[in-house]
Amino acid sequence: MKAKLRYGMVGGGPGAFIGDAHRRAISVDDTARLSAGCFSRDFEKTKQQGEALGINPERCYEDYKEMARIESQREDGIDFVVVVTPNASHYEVCKAFLEAGIHVACDKPLVTESAQAEELKRIADEKDLLLMVTYTYMGHVTSKYVRDLVRDGEIGTIRTVMAEYPQGWLYNENDWGGKQGEWRCDPSQSGKVNCLGDLGTHVENAVAMMTGLKIKRVLAKMDVVVPGRKLDDNDQILVEYEGGATGINWTSQFAIGCDNSLRIRIYGSKGTILWFQENPEEVKMIKEDGIPRVIKRSYSAITPGAAKYGRLPAGHTEGWLEAMGNLYDSFAECVYAKEMGTFTEDMIDYPTIESGIQGLKYVEACLKSNENGNVWVEV
Amino acid sequence: MKAKLRYGMVGGGPGAFIGDAHRRAISVDDTARLSAGCFSRDFEKTKQQGEALGINPERCYEDYKEMARIESQREDGIDFVVVVTPNASHYEVCKAFLEAGIHVACDKPLVTESAQAEELKRIADEKDLLLMVTYTYMGHVTSKYVRDLVRDGEIGTIRTVMAEYPQGWLYNENDWGGKQGEWRCDPSQSGKVNCLGDLGTHVENAVAMMTGLKIKRVLAKMDVVVPGRKLDDNDQILVEYEGGATGINWTSQFAIGCDNSLRIRIYGSKGTILWFQENPEEVKMIKEDGIPRVIKRSYSAITPGAAKYGRLPAGHTEGWLEAMGNLYDSFAECVYAKEMGTFTEDMIDYPTIESGIQGLKYVEACLKSNENGNVWVEV
Amino acid sequence: MKAKLRYGMVGGGPGAFIGDAHRRAISVDDTARLSAGCFSRDFEKTKQQGEALGINPERCYEDYKEMARIESQREDGIDFVVVVTPNASHYEVCKAFLEAGIHVACDKPLVTESAQAEELKRIADEKDLLLMVTYTYMGHVTSKYVRDLVRDGEIGTIRTVMAEYPQGWLYNENDWGGKQGEWRCDPSQSGKVNCLGDLGTHVENAVAMMTGLKIKRVLAKMDVVVPGRKLDDNDQILVEYEGGATGINWTSQFAIGCDNSLRIRIYGSKGTILWFQENPEEVKMIKEDGIPRVIKRSYSAITPGAAKYGRLPAGHTEGWLEAMGNLYDSFAECVYAKEMGTFTEDMIDYPTIESGIQGLKYVEACLKSNENGNVWVEV
Amino acid sequence: MKAKLRYGMVGGGPGAFIGDAHRRAISVDDTARLSAGCFSRDFEKTKQQGEALGINPERCYEDYKEMARIESQREDGIDFVVVVTPNASHYEVCKAFLEAGIHVACDKPLVTESAQAEELKRIADEKDLLLMVTYTYMGHVTSKYVRDLVRDGEIGTIRTVMAEYPQGWLYNENDWGGKQGEWRCDPSQSGKVNCLGDLGTHVENAVAMMTGLKIKRVLAKMDVVVPGRKLDDNDQILVEYEGGATGINWTSQFAIGCDNSLRIRIYGSKGTILWFQENPEEVKMIKEDGIPRVIKRSYSAITPGAAKYGRLPAGHTEGWLEAMGNLYDSFAECVYAKEMGTFTEDMIDYPTIESGIQGLKYVEACLKSNENGNVWVEV
């Protein structure tokens, strides 16, 4: 059923990491078939990539707008598009496909300003289209299990959330991290923000998704630490949530020894939950007896809404690609239901455009707080 | 290049776990395209599965022998077949495809007796064909890294190897583990051996592949422990390797708390290496200073021959499917090279028919040792 | 030599935890012999405790001032006094013994206001006396090893320090933690501060001792979270150090699952060091190759200035009492050297009155920051 | 009460590790006061040590037999003696004190042959005296908790026990481990056995104490591995217990990276318990839901019979000295009760002479099995 879906891709040319990752994530479950693409600004590269991927040459497009137009008119046109271009062009590309009536899956961050995101939302709503923002980490069975535990009151009322996402790859002032690092550290490509946009939005999204808490205000200290850098590479942020819970969000790019260390610790009135992205097969929960329990992806304790995304039995590890695959599983199911007329809102189990908007508002509030000398700013 | 390869599958009908896993593992790298199949003894199910997988109906076969014959004659015939039928039929199926001149990837255990495996080897050699046995765990980057560390003398001469593979899923005398467990525990389907055949062969293969050691003799205690069972569910085996190293191999199916706990600990004259399948993203090595070092899949310390199999950057976990995918990556490269006439033996980086033979001889020697009252038996 | 030292104790009556702990810590190395005491405000209890501890009855005192006076005049009088009374009386007791010319070891926090601490320092300096504040955790071999690693430049310039000390014992609004909790949560006994005074001062001291950094300013959010409490039970504090390093200090008393989780993470330009009080036998260090190394208390890599405090070989764990014992080892050595006239400043390897003063200034600055709406306050 | 007990020591002269450790362990709880000693064969050293320890010079003895005689006659004579001489002399020293009517605490191994141990038992029984063998690790709160869990049926019927005690300090053929290693590796001092006597007896005792299982028979492979050694340094032993449970005991002295890694894993019909000496503050238990739970020394889940030995609150670590101190706590309580006439057998909570006998029989059976080519030998 879902296997009959067709998708197109904008971006993801030869050597591009993230486009490749999206394709693998979709193919691991055979969720949809890649049928069209505008993989590069360079048409030769698009054609070359199309051939390597076995795409019909006439569906390899020089221009994404043309792709949107033509695919929306083909009888066998794509059901959704995957947008994996550089961040600065997300807005224009997403807009083109939404306006052509095609559902969109867009890599994070969705766009660069919340106003753009609001505009995309307006179009999507008007056209009754779906837009997913691929916050990969929320695809893990364990992330969804944490969400269910909190929602079901297993740890009572949340009191404080310690969230962090340190990386270490940009610690060296003489090493700008290659292609991936250079554009992130370059204000002309990244705007006003580096680390917080790349990592901080994941933190914000993870806490929001897992706890359901909404940020009321932030007090942000955004520092440029490694000599020679021009944008933030260490962000230490006090957070107040609606309802009174507090928290700290920390992101860094120079934390040697941290590969990709998104870690969420949620302290409630009846228990604590610990989740660590680098060990995504398990959740640690401590309840009032103080005894840590480790619950793994495939254990019978896992809630049905999370367990259904698992593929392999206990002790057979799943990883990052499978997490992204899970997002596409839900998204494709929703796209298919839209087409069949069976869609309902409660089917959505992926980060929507709302998540994209919240992430951008979070970044904007932090920037304002930092510019004003580390004062509280409402989100 | 490799993407142009076509493969067929025997077994892997609707609901079959392992066939599904092989298909995912191949698709995660787009290593080859599924083009033909005989997915079930029930032709209706084969056709149904073929449709679900988008296979040309005329290449959905009622009989695997017919499939072997026809595919070997088609111009666009399959380059290799994946055999994921129940163990008892592996021999006949592999033989049919080898005799038809088609390369074979077969799930482990290859066959049920070493004589059968020798026969398959004879045919494959005669026809100049490749046969891979999919010992999944040896596909991990970290497994290959351990192999390279040992080969490069990083831990000196190996003195003893503590290897174990406990699972817990069959601990309960009133729970036979569903379909998966029932045939394993049934002598009429599994022959003389259960736990040792299922898990012990993985242990044997892992130690052989990582250390290069050959077993000289074994002293096996194979126990039937859980009430009601008729085949071994706990095996504790003393091992002597050629050259004098010793070891213990332990496998169990009632070890509560062990999901799939293949763990290899290698003690050498200059250091120790620890590898644990449930944490396949890292290797722990301790050298003469006694300080444990943890090296992860994507670190620069990883040897090139292992690192080349990684897909994702540090901190983005890969898992079991990717490990199996790595086996197929090497196998497909070799199949392609065979076709191009560029194949050389040193390209092989997957478990061959020799591994399958060794596994069977290990099981046969253990059975003999146990039947004779736990005495030493040469392998 | 050191065994000939005699000490007295004020506080530490029957059932008092901390006095008992100090006595054990001193006896584990036979560092000094308990020879006099004023263990309780209730003279009967003092006499009873004195008998239980084998103290000469005539050296069991009804009044600590009398004890200070008489012991300072006896030929076999105590060499130092250990002050383990409730915090509010530390100032008066320490002052009495200093004025009598007796060295002092005082439990932390030293006093309740920095002005008092400055006064004690003035007296001690004037009388050429030693005063130790027993920040236990800094007695660990591993704490001292971290200090040495940082001092020796092993991790380059410090960039940020993530320090935390969450506990969970006061999470329950209906459970005030017994005697220990009740006075801490009671403004009439604890003044303006609870969690930050109890735990925050340990954090401040640990970072100061390990890194040598001095706090320039703080921005503190001190929250009263558990319903019914009147004093802070969760403190989240942004810190700026002289020289530009930043940090976050977090302390909490409702973090379920955290027993006594003082954890210091130090990120430098060339490496990272992780130290965790609940696992005090090891230090984790990651240098530029990204590979975590775990160095244990008794390994040859440990610096001599830290290693000298170890008692047991590798794998024989030492704990909290031994850490406190280490503080007394250094203190007693200094006291003895003072008496012998061989004392030099560089012999001091325990937290001095300066540490006490810094801790109080830290608390005072945090209180001011919090009262003024979470603004930066210079320390 | 207990503090009024007096003890003497034979062995434990200047620089001796184990005598020092026993003294610290006794003093950490002020369990008894050292009042007499024959610390060395060299009377000068005995006097010197006596002075350092503050012993009355007339109770520093040149000869242990004289000490036994005189102390047994003094009104203020010692209540028990601690024997920490080299193993070969344990028998004679213990015998002398037992015959003089003095209770004995002896370091392990008790003696060198089971017949000697039986003889000591005969004397002790005849004289109604207590004899403790200080298997330190069984003093931990957590060891006792494991015993209670098994006894209370928490993990059902035990099926297999994987026990190991690898060390790495003697891995290097050019390093004989100093004084400690040299006598162990020297047949003229150690007899027929090295590693198994030193470490294997701890393994045997730990399993016996924790599980209550009695060994029925063993099949032992005892290897001399490091070049130049003459006694076993690696022992891999199959065990069968009465009642049908099985197990493997592994001890080694060349396992690089293992400091002192006594680890016991107990697999039962309803759960699994894991205990690791290097992390003695916790027990991991997994029951039928497969979820690992970590229970720490001071948690309310700890059984009363184990919890009573704890000194410090959660998160304040206790270690090896405290474990040995716990043995002395129980022993001293029993000695005192004997003197008061209130002793009952159920007060004993320390390893008795029976443990010593079992350990020796275990070693003797293993030696016989190994000499006969790795065959089963009844214990």
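Here the chain labels run A, B, C and D in written order, and each chain numbers its own residues starting at 1.
Here is the rule we use: contacts are C-beta pairs under 8 Å (C-beta built on N, C-alpha and C of every residue); 3 or more make two chains touch, one makes a residue touch a chain.
On a predicted model such as this, the values are computed, not experimentally measured, just so you know.
Quickly list, by label, the chains bordering both chain B and chain C.
Common neighbours, chain B/chain C: A, D.
Based on the averaged CA atom positions, which chain is farthest from chain C?
Between chain C and the rest, the longest centre separation is with B.
How many Å are there between the centre of chain B and the centre of chain D, using C-alpha atoms for each centre?
45
Averaged over CA atoms, how far is the centre of chain A from the centre of chain D? Could you give it in whole Å?
Inter-chain centre distance comes to 56 Å.
Chain A to chain B: how many Å between their CA centres?
Using C-alpha averages as centres, the distance is 35 Å.
Do you know which chain A residues sit against two or more other chains?
258-259, 290, 292, 296, 314
Would you mind writing out the residues of chain A in touch with chain D in their complex?
Contacts found on chain A: 289-296, 299-301, 314.
Going by the contact rule at the top, pick out the chain D residues touching chain C in the complex.
Those in contact with chain C are residues 3, 17, 21, 23-24, 27-30, 33, 52-54, 167, 169, 258-261, 277-278, 280, 296, 298, 311-322.
What residues on chain A touch chain C, complex-wise?
Checking each residue of chain A against chain C gives 155, 159-160, 162, 164, 166, 168, 171-173, 219, 221, 223, 225-226, 234, 236, 238, 246-248, 250, 252, 254-259, 267-272, 274, 286-288, 290, 292, 373-376.
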